[in-house]
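Several structures are given next for inspection.
Next come two complexes, and both contain chain A; in the first it sits with chain B, in the second with chain C.
The block that comes next holds the complex of A and B.
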């Protein structure tokens, strides 16, 4: 079994010659005057675990439903394995979907639910029961096969729904909030299981989720959506470390944002003057014109306590600890700095809580390095 | 704290008495010897014997049951189609008008429905020669027009409660729309179809006013016979017939109850 790192090293989207398995070409969906999906283009490759991430109403579910054929685009085309399926109805697409509510047929047993899709394919009785057995085995629910959906727990239902959507051996599986209805504990263990399953079967997964943690742990790539548009498509690491816009930066994890403007450039670094005090020096990924309004974005865990605070030091701030949130493994400190802005910093609790150095109302100095944040232009 | 239970029990007893004593009386008096319905003289089953000799009454009962069954079946088919259209197609042309027309029979007085249908049937007979005379066909048509509205209400409630994603899931798994309807939708709304059928059956069996308008000579339904004979003094035969009907209905309800419980336990 490939490790996460190995899997991530296979990055077909980096290869210009790679042919995408699923191609979404300038798809728009209008409901009345409202654009649910607005001119979205995406290329998703064989074997990917691709997540559409966004808050509710951002159009991610509509996009997924269009891939399933449950909704038709107002304009644009969808290609699966090179074939234009834009006008192909749901029942003829080589795609299966796992619904958010699971949509198990209440009047059928687990076995019959899993068998339903196979019956539509007119497989022989023997083949059907073989395949059903295989699926139940795969998801470890063989002993539930005579039960009805209302006799199952949430986690069991999720497995049945997964078994049913995998029974037809689709090459592309769509998952609408696959873990949304599970409690936190179950969700975490299921995340890994889902990834393992996907690797083992080599199926391309496209999931929809509003849970950024879920998207981060499971995906090869994430598309962050807002108001029907795609804001950024990249690997979880890149989305987290190098967001390209404010919206993505704020949506994933927490982040400190300092508005300012470029006052100088030095090599690949820019000097930004912000409202909170002294200039900040940050690495920039593309050249910037002097005077451009920008936002310096630094994650709380990239902040550290500063031992040699200098009045003219860059990327250094002084403030007073206002709030402490103790989370066990880490603590979040909210520090009121210069002009009254709050800066968040997380520190790992190396020492037991009672022996920690920082306490409320304490004066602290913090700093970060030029490479541990990004400069956003929008 | 112990609560006193007798006030509640008294209320319950009164409630049941109010509902069931009349029916009980009717059953008791069906076994009365006397010709007078209100005077008890002794036990006898002679009215049952006479009932089974009274061909007029039996014919009327048989006609009513036939009309009720055909009516219920047609009403379920049409009512379900109408409910489907209303629930599944949110914006078709003339939807509001359709909805209004469908619910009109629920609020329209029977007298008006009966009279208007009579006028229609007469006009149709004169212009296209159909229906030829009035009887089974016209009564059934008349009953279907109003009972399908009731069926539509029942089925519509059930359909709109149903999770749409069940049908979408079936479609996603490769089932074509007709197949989805037969294997997923119909089984799930079956209870509503059954209660709609029973409702339509009862409404038809019950109807006196509309049937009186659109019935012809030689097609007298049971309520019409009972009503006209009551005017000439109630014969205990009617009691006997009513007792049989009550017995059949009770049996049907009990069977339905048992089979529903079985169905639930099987899950």
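The block that comes next holds the complex of A and C.
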């Protein structure tokens, strides 16, 4: 069990005394009449791997570009290491960015690309070549040093782009869809590599991604964005297990949502009446007034087959298996319940597929426990 | 259905490739190589009072005796007479300076058009191309009205009190520069524009992100990446300007002898076709060398772009 101090160094956002490395204070960016980023405030701490997650057009890239100095906010301030950098142009900011398109200079070799930023710093030739060598070594691309970008594969280009953005030893690295252009297999191996690199160098990473799996695997914390606003900021676990709003719940993974209203409260649990039938009893994190319209959210893997179905049981549903999606390790079952709603349940395929218990059109009963989901009020 | 035997499709592909490559070669042969051979043949003939005004390359003197005459005196004359040499040098100088001026004027213009908002671009490009709707000759002629001592420019300068006596611009080398730069500027702007619109703006952002100020980013990223456009534009200006005839004839003076004008004089006034042809061949040889060099450079530049 970690001590409080240890936990605080691992999770500085839990520590009220911790000073954020990057502070975004009520930043808004308007393009014409459109709010690309709408009153966003964030505090990001030294050594974090922070992800801005959202679908395209949610403003996450614009926010990142404002951190890099490639866009200026319409209002609000940005502080890096306590210094107000809001009006500092990109070329004077102590941050570097890895571009989604990589933006490698096509007329320069790999080596020259990595060296580019160092030349702007007027480092001596010896220092430059040392640093370039170090970066090429770090990303295992030393043998590509003389190649030009058009002679590289996608994965190699990604490494060169990363080497170039790390060459100046920035304290804060911004990554715009760092793995977006890679194929699935390469993406998975690169995810771990990126995290290792970040931990080894101790640099604060802020990445933008639309891929929730990627954000979950790599981040210390995730900010889910929609329509220019931040919906929730939390650790991957908290975002997944305890979403605070419907939008976040639906964006991350799949989830079953039951609309209803609070009919009773018992301790820290509420009884919710929904359209699908019997009431559901769920744990609530804050007190709720009777009659409040709420949504019960339960993830498919939290559902289980019910062995003793009672007519008056809570958190139990009966239905008919309509669809089965076999994914190998798990199978997803779509079950048509009471009022015609579809409920999703995933079961681990403990037995080989051919010996599975459930088949199409089979009548099943499912259940879940009060702590297996959340009650959403918005 | 069985697949057709492979050799048929191979043959078909060969035929279509032959046609595809053949057409431009045929075109070049007919309209470039053939005239060149004719001019080359005239250049080794002797002038004659005949129709055409030069001697034939070969002649049947007797039964079984073919006399081929290759007269190299024209080339010797061109090489030895200072008049031709200085005209050639002057032409190269005018072409070089004008290309440089076009580049200095045209690059910012092309850059401005390429970076302007989409709806402005069409209008700005239109303004560049618009002068082509009037005859080249008339446009150059109009400059006489502007540049002459009681022309528009001098009137304006006198009226504004900047000068007391009219400037003598018309019929000087300066007038040639003005006329050439005016006429050939679009040929510099258009290829540069085409090149600069392809520039990936995220490269400039990356440069800024890596600590590069805008001016340095221009020199280290934009300029090297637009080299292909610079080379193309410069060739489109330099090569025709060396042989330019109309502008020096209309705007130039007696001291501004250019090879194009000299060619005209030799062909039409002196009726010395062989000498004129020799001069034309020499001019061509002088131009081919830089042309090939620039072509090489351009290929290297293109090669580095995906």
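Keep in mind that, in the parts below, the second predicted complex is superposed on the first by the 369 of 378 C-alpha atoms of A that agree within 3 Å, B and C clash if a C-alpha of one lies under 4 Å from a C-alpha of the other, contacts with A are read in each partner's own complex, and residues count from 1 in each chain.
Going forward, a residue touches a chain if its C-beta (ideal position, glycine included) is under 8 Å from a C-beta of that chain, and two chains touch if they have at least 3 such contacts.
What you see is a predicted model; the values in this text were computed from it and never measured.
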Simultaneous placement of chain C and chain B on chain A, clash or fit: clash
Which superposed partner A:105 touches (first chain B, second chain C, both, neither): both
First (chain B), second (chain C), both or neither touched by A:324: neither
Contacts of A:227 with chain B and chain C, given as first, second, both or neither: neither
Partner chain in contact with A:288 - chain B first, chain C second, else both or neither: neither
Shared chain A contacts, counted only where both chain B and chain C touch the same residue: 68-70, 89-92, 95-97, 99, 101, 103, 105-107, 116-117, 120-121, 148, 150, 164-165, 168
Chain A partner contacts - residues on chain C that touch it in the complex: 200, 202-203, 205-214, 216, 220-221, 224-225, 301, 304-306
Chain A residues within the chain C interface of the complex: 68-70, 89-92, 95-97, 99, 101, 103-107, 116-117, 120-121, 148-150, 164-165, 168
Of all residues in chain B, those that touch chain A in their complex: 163, 165-166, 168-177, 179, 183-184, 187-188, 267
Partner chain B, residues of chain A touching it in the complex: 68-70, 89-92, 95-97, 99-101, 103, 105-107, 116-117, 120-121, 148, 150-151, 164-165, 168
